[in-house]
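Below are two complexes that have chain A in common, paired first with chain B and then with chain C.
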Partner chain A sequence: MPEQNNAVLPRGVVQEEFDKAVEKFRVLLGKESVLVKADQLLPYNKIMLSVENAAHAPSAALTATTVEQVQGVVRICNEHKIPIWTISTGRNFGYGSAAPSQRGQVILDLKKMNKIIKIDTDMCYALVEPGVTYGQLYDHIEENNLPVMLSFSAPSAIAGPVGNTMDRGVGYTPYGEHFMMQCGMEVVLANGDVYRTGMGGVKGSNTWQIFKWGYGPTLDGMFTQANYGITTKMGFWLMPKPPVFKPFEVIFQSEEDIVEIVDLLRPLRMSGTIPNSVVIASTLWEAGSAHLRRSDYITEPGHTPDSVIKQMQKDTGMGAWNLYAALYGTQEQVDVNWKIVTDAFKRLGKGRIVTQEEAGDKQPFKYRAELMSGVPNLQEFGLYNWRGGGGSMWFAPVSEARGSECEKQARMAKRILHKHGLDYVAEFIVAPRDMHHVIDVLFDRTNAEETRRADACFNELLDEFEKEGYAVYRVNTRFQERVARSYGPVKRDVEHAIKRALDPNNILAPGRSGINLDTYKKA
Partner chain B sequence: MSDSLSGKAAKRVLVASVLPFALLAASTLAQDDSQWGSGKNLYDKICGHCHDPKVGVGPVIAGRDLPEDYVRFIVRNGFNAMPAFPASYIDDESIAQVTEYLSTLPAPAARP
Partner chain C sequence: MSVNRRFVLKSMALGSIAGVTMGSAVRALAAGTAAPSATAAARPVLALANEGAAQSIFLYGALAAGGPRLQVQRVGCDPGFMLDFERQLRSRQPMRVIGLLDDASAALLVDIARSGGARMQWLGQHTVEAAFSRHHLLDTDSAEGCSQQFSRQLQACGAGFSLNEERQNGPIGPRRMSGPSRSAGQSAQWASSIGYLLASLGTRTTLTAPLAPVASTPITGSFVSFSIEA
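Let's turn to the complex of A and B:
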């Protein structure tokens, strides 16, 4: 009889069936790799969402280290209709962290499956397992003095490429669009088959991490932000370390400047003159990442008044918008592009340019420069101290990289956040044509009333943005079903037809991106 | 503790003198011995990214003689702004090692 003091069961699974599955998991993986006790599961249940922990409590967690074990897990799950939620490094803060989308799902934790299988420094690519972290890769690259650099999200050191790319996350170097730079994937399908994308299925192939598409339908995209398979290996391209790296900042004083900033920046991004994922951070994002706290300035409830924000700008030299970008290449290339960039800002007649020489070791310039050159740090977690209390949800609508659009979105978001007594803490992550407009909905999760407001606020942000034709690129587990509706019924029908074909028992993370055979009804 | 560490260092030197892929082999070895190799390594690679006095995302934890039970409780549960870490990420042995390492560090200077 398996001991279980967690008292959470997967949806539609009775205790007896669950116990049988747990016994089989133990035989397959060993006792230590099957966690059913409450204290073992607590760490997976730490969430930053506007909902109680119980809503996302797992029934168990399994750790697997080999593809064969993952195959065994899906076999058992099919036999007993056990839904599993797969995590790689599980550091998906603000998007649901390590907790399952639905209460009761069993977590398949691949953190211990952490081999760096290969880094090729001629062809500049890596092939890794899910548990590999960027910190681990960084150390490996440094210890072996490899002439390549990484791109990663701000949780850098503790996050990892597989998990981040499966949620189509972004970084801040010229390789910042991570899924775009991904090449070759291995997934265990619900029927236990091991499928390799691209050139990976060709016997004796040496081009799995070289050529993305392979032949016929290219399916890597189909597995990201989806629940059609469990990724057990992933390849991705690495940027060669350039001889010269020149990070810089441009500070703008007025909120309205966003229009001109974006319209000036677009041609520079489009032409490749500025090659990296630039950021334009609002005052309060800048403040949070510089480790200011709201309580340093004000203790009254509600949103932080504009007068206080102006005062912060005055005290610190931060702008209404703080732009971070970088140039890469030989000294000659950097010099040529630096002239183009500085001339453009001079013509605009706005914006104070700050070089690395001027900034020195000052934050937040330092952490930005590190993120733009693939050096890990967690400085930006200062955002979570702005209000404190552990509440944070990313509201990240997609936008044209057009000044008037960015201003419209910023105004809308600010109005709605203020209505609910919360702050506009945001940055634009700038591609040539698109913006990931990333807004951190920060709230004190220890305060029940504020948590309810944050929940209502997030709902309203989704609703109001949708009315203007905007939708988010990624969202936390509480709102994945809601956001799926933004993209229309035909898309959902197709997604569920694929789900039925590949996972008829609905065992793989039902609810992920709103894909769930148990609850979905065709419109 | 110090014995096993020096033993590990000795192994590393031996390997380095014999194998061409010395560094790679050494880091693999260190990881095989325990999840994080040492308390210092865990602090440098994970905790310190937030708790180092020069960073300041989290409070200083070095030199405060925090009890192991307390450290484990916070790591496993998370605490408000601080995320939790499952044992697959940081095991109990590593928490014990990092607690001991923290106690060997000088106490934080009083705030000005």
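Let's turn to the complex of A and C:
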């Protein structure tokens, strides 16, 4: 029976079957936890993508509070072939928000599973449920004066460690590569089994959050950016709060400086002199984060001309590139490293160093320093006011941490964005060897023509970058199938073989990272 | 008359909405509005707005419909406010929240509403340029009257517009409407109309939104309107 045109149903599921499943969900979870009315589902359907909301409309949303309930949900889904899209806090915004990948999928919202199960301040780790937010953790740490600090992405206070880590997100502290800091997860599989990774399967073990690898195959990574299970607990390491924290900014005036910046930074990152995930933000990323608006400078449609950007730099003191980093440790350690860092920039002969004392409460320095020291804030949401209109899709190719490569990517991205009348609003997040080149493709969703341009632009970015051997590390739900193709057929075959083995009914998040038994055809 | 939002807020704080801020036109509207339904009347309406002329005009319309039930709160991207708002929603105290915010504040607030378990009848994205406005609505059947009246009022005010409406749990294709620009005099009327219609949602009102005061400078920009029920 074809999908009804006046109601939202999961693909291939008829109304009668859906109703039966909903009734079982109500018995399992309670009526209050099964949302099917339009005004209950509308908040789950706010998207920032270049398609109509209808393409990502859920048919229902469920909230669970226990692992047993999650097991019950997958059992019912198997019985009625209902696809579910699981979210923890659902706050990955430009990567897809809380809305499902495909119209009609039932959202399983784990926001009520929000217990901080344990924080061990000797071993410096936490074990949490998926609904726990960084804000909640931060409050807990502050209220109890615990000697640890958090690492989080920019939506910090309202996002959560489980969702961010499972999507392989990054933060801005020395623990900024979040999946690397993950240690031990509990996963409900599609058949209802509860699988604990690492040391978690050993009865009475106290090393689940201590030793990642366990014995035999280590499968943690398999559950990230994937649809093989539902994570119901996750452990991660916490950084001991350092006695001294010294954030700083280095401002560069020319776009071409990116080559020297990156080549200077790489050895400092590799040696651990600068231990945190450094950010190099473009002028427009800075401008948005400082809550400037494009309309303050120009109202003509299309991309913002370089002359206007130069004027903004002149007016605000922002650079073409704005590097944020920090030093951590004892005063002696910080002093030594500060000398190494400042000497390196002096030798370069470019870049104006700004310390916290000089910056004071000025934005964006203040929020950057907070993010690098584990203090949550929501300052970066100002990006959404830069152009306005509610469209935001993050294009995030990976680059070598090599100056010439970063410059090449920046030039390519800017050219393609400008061709489509959009702005290059970007930051590089610097690891020792790689760069996450994060570009916020901002557009006006009320403008159908601009929305089409944004969609075409995103496709062209993917295509052109792929031709040069680049691919994104993460993408929003609109483009997951497209990006999966960039990684080649063998990888996709393996992923689908695993999917068939673990979830033969294809109930868990079909379409996640392009993994979908209903649509995938072996090449 | 040029609208000054501080004046509006200050006046409302004094608790003399119609008398002080908007004069006899609003009093007449309030008197002419049919009695609200019991459920809607029981709920206080909180209007959230940030600084700006469009927001002032939105409040002007909201005040005309909401009268003394309406409370106003200023909003910014402040984590403290957002988390308090979430706690408030989770307390399950019956409450209706309407608002007109900038994109950044709205992105946060709407998501907080979701995690707070609130219901939402209306989510509007509005872009306003000189003498032309574009509107994308995501709404529910309960806001059917609002969207229809909104499009009529856009037609009537004479500024060019385009309107796309998607209905939650509705068909895949959106409903599209548009109107040519005939005059720019009432180009800010859309904000007053939305304020009025959202404050009236759930009540039986047949009147149209009050004519927005003419702004001293063109009101342009990007805005998000919403109606949330806890």
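One rule holds for everything that comes next: the second predicted complex is superposed on the first by the 517 of 523 C-alpha atoms of A that agree within 3 Å, B and C clash if a C-alpha of one lies under 4 Å from a C-alpha of the other, contacts with A are read in each partner's own complex, and residues count from 1 in each chain.
Basically, a residue touches a chain if its C-beta (ideal position, glycine included) is under 8 Å from a C-beta of that chain, and two chains touch if they have at least 3 such contacts.
All of these numbers come straight from a predicted model, not from anything done at the bench.
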item: Fit-or-clash call for chain B and chain C when the two complexes are aligned on chain A; value: clash
item: Chain B versus chain C as contact partner of A:N144, first or second or both or neither; value: first
item: Chain B versus chain C as contact partner of A:P43, first or second or both or neither; value: both
item: Partner chain(s) touched by A:V8 [first = chain B, second = chain C, both, neither]; value: second
item: First, second, both or neither for A:G382, with chain B first and chain C second; value: both
item: Which of chain B and chain C A:I429 touches, first, second, both or neither; value: neither
item: Per-residue contact with chain A, leading partner among chain C and chain B; value: C
item: Touching partner for A:A57 - first (chain B), second (chain C), both, neither; value: second
item: Which of chain B and chain C A:R91 touches, first, second, both or neither; value: both
item: Chain A positions touched by chain B in one structure and by chain C in the second; value: 39-40, 42-46, 89-91, 93, 97-98, 111, 135, 157-158, 291, 376-379, 381-382, 384-385, 388-390, 445-446
item: Residue ranges of chain B in contact with chain A within the complex; value: 23-24, 27, 45-46, 49-50, 55-57, 75-89
item: Residues of chain C that touch chain A when the two form their complex; value: 77-79, 82-83, 102-105, 107-108, 110-115, 118-121, 123, 125-127, 129, 134-136, 138-142, 162, 164, 166-174, 220-222, 224, 229
item: Complex interface listing, chain A residues touching chain C; value: 5-8, 37-46, 48, 52-55, 57, 89-91, 93, 97-98, 103, 111, 135, 157-158, 291, 293, 295, 299, 376-379, 381-385, 387-390, 444-448
item: Residues on chain A engaged by chain B in the complex (per definition of touch); value: 35, 39-40, 42-46, 61, 63, 89-91, 93, 97-98, 109, 111-112, 131, 135, 139-140, 143-144, 157-158, 291, 376-379, 381-382, 384-385, 388-390, 445-446
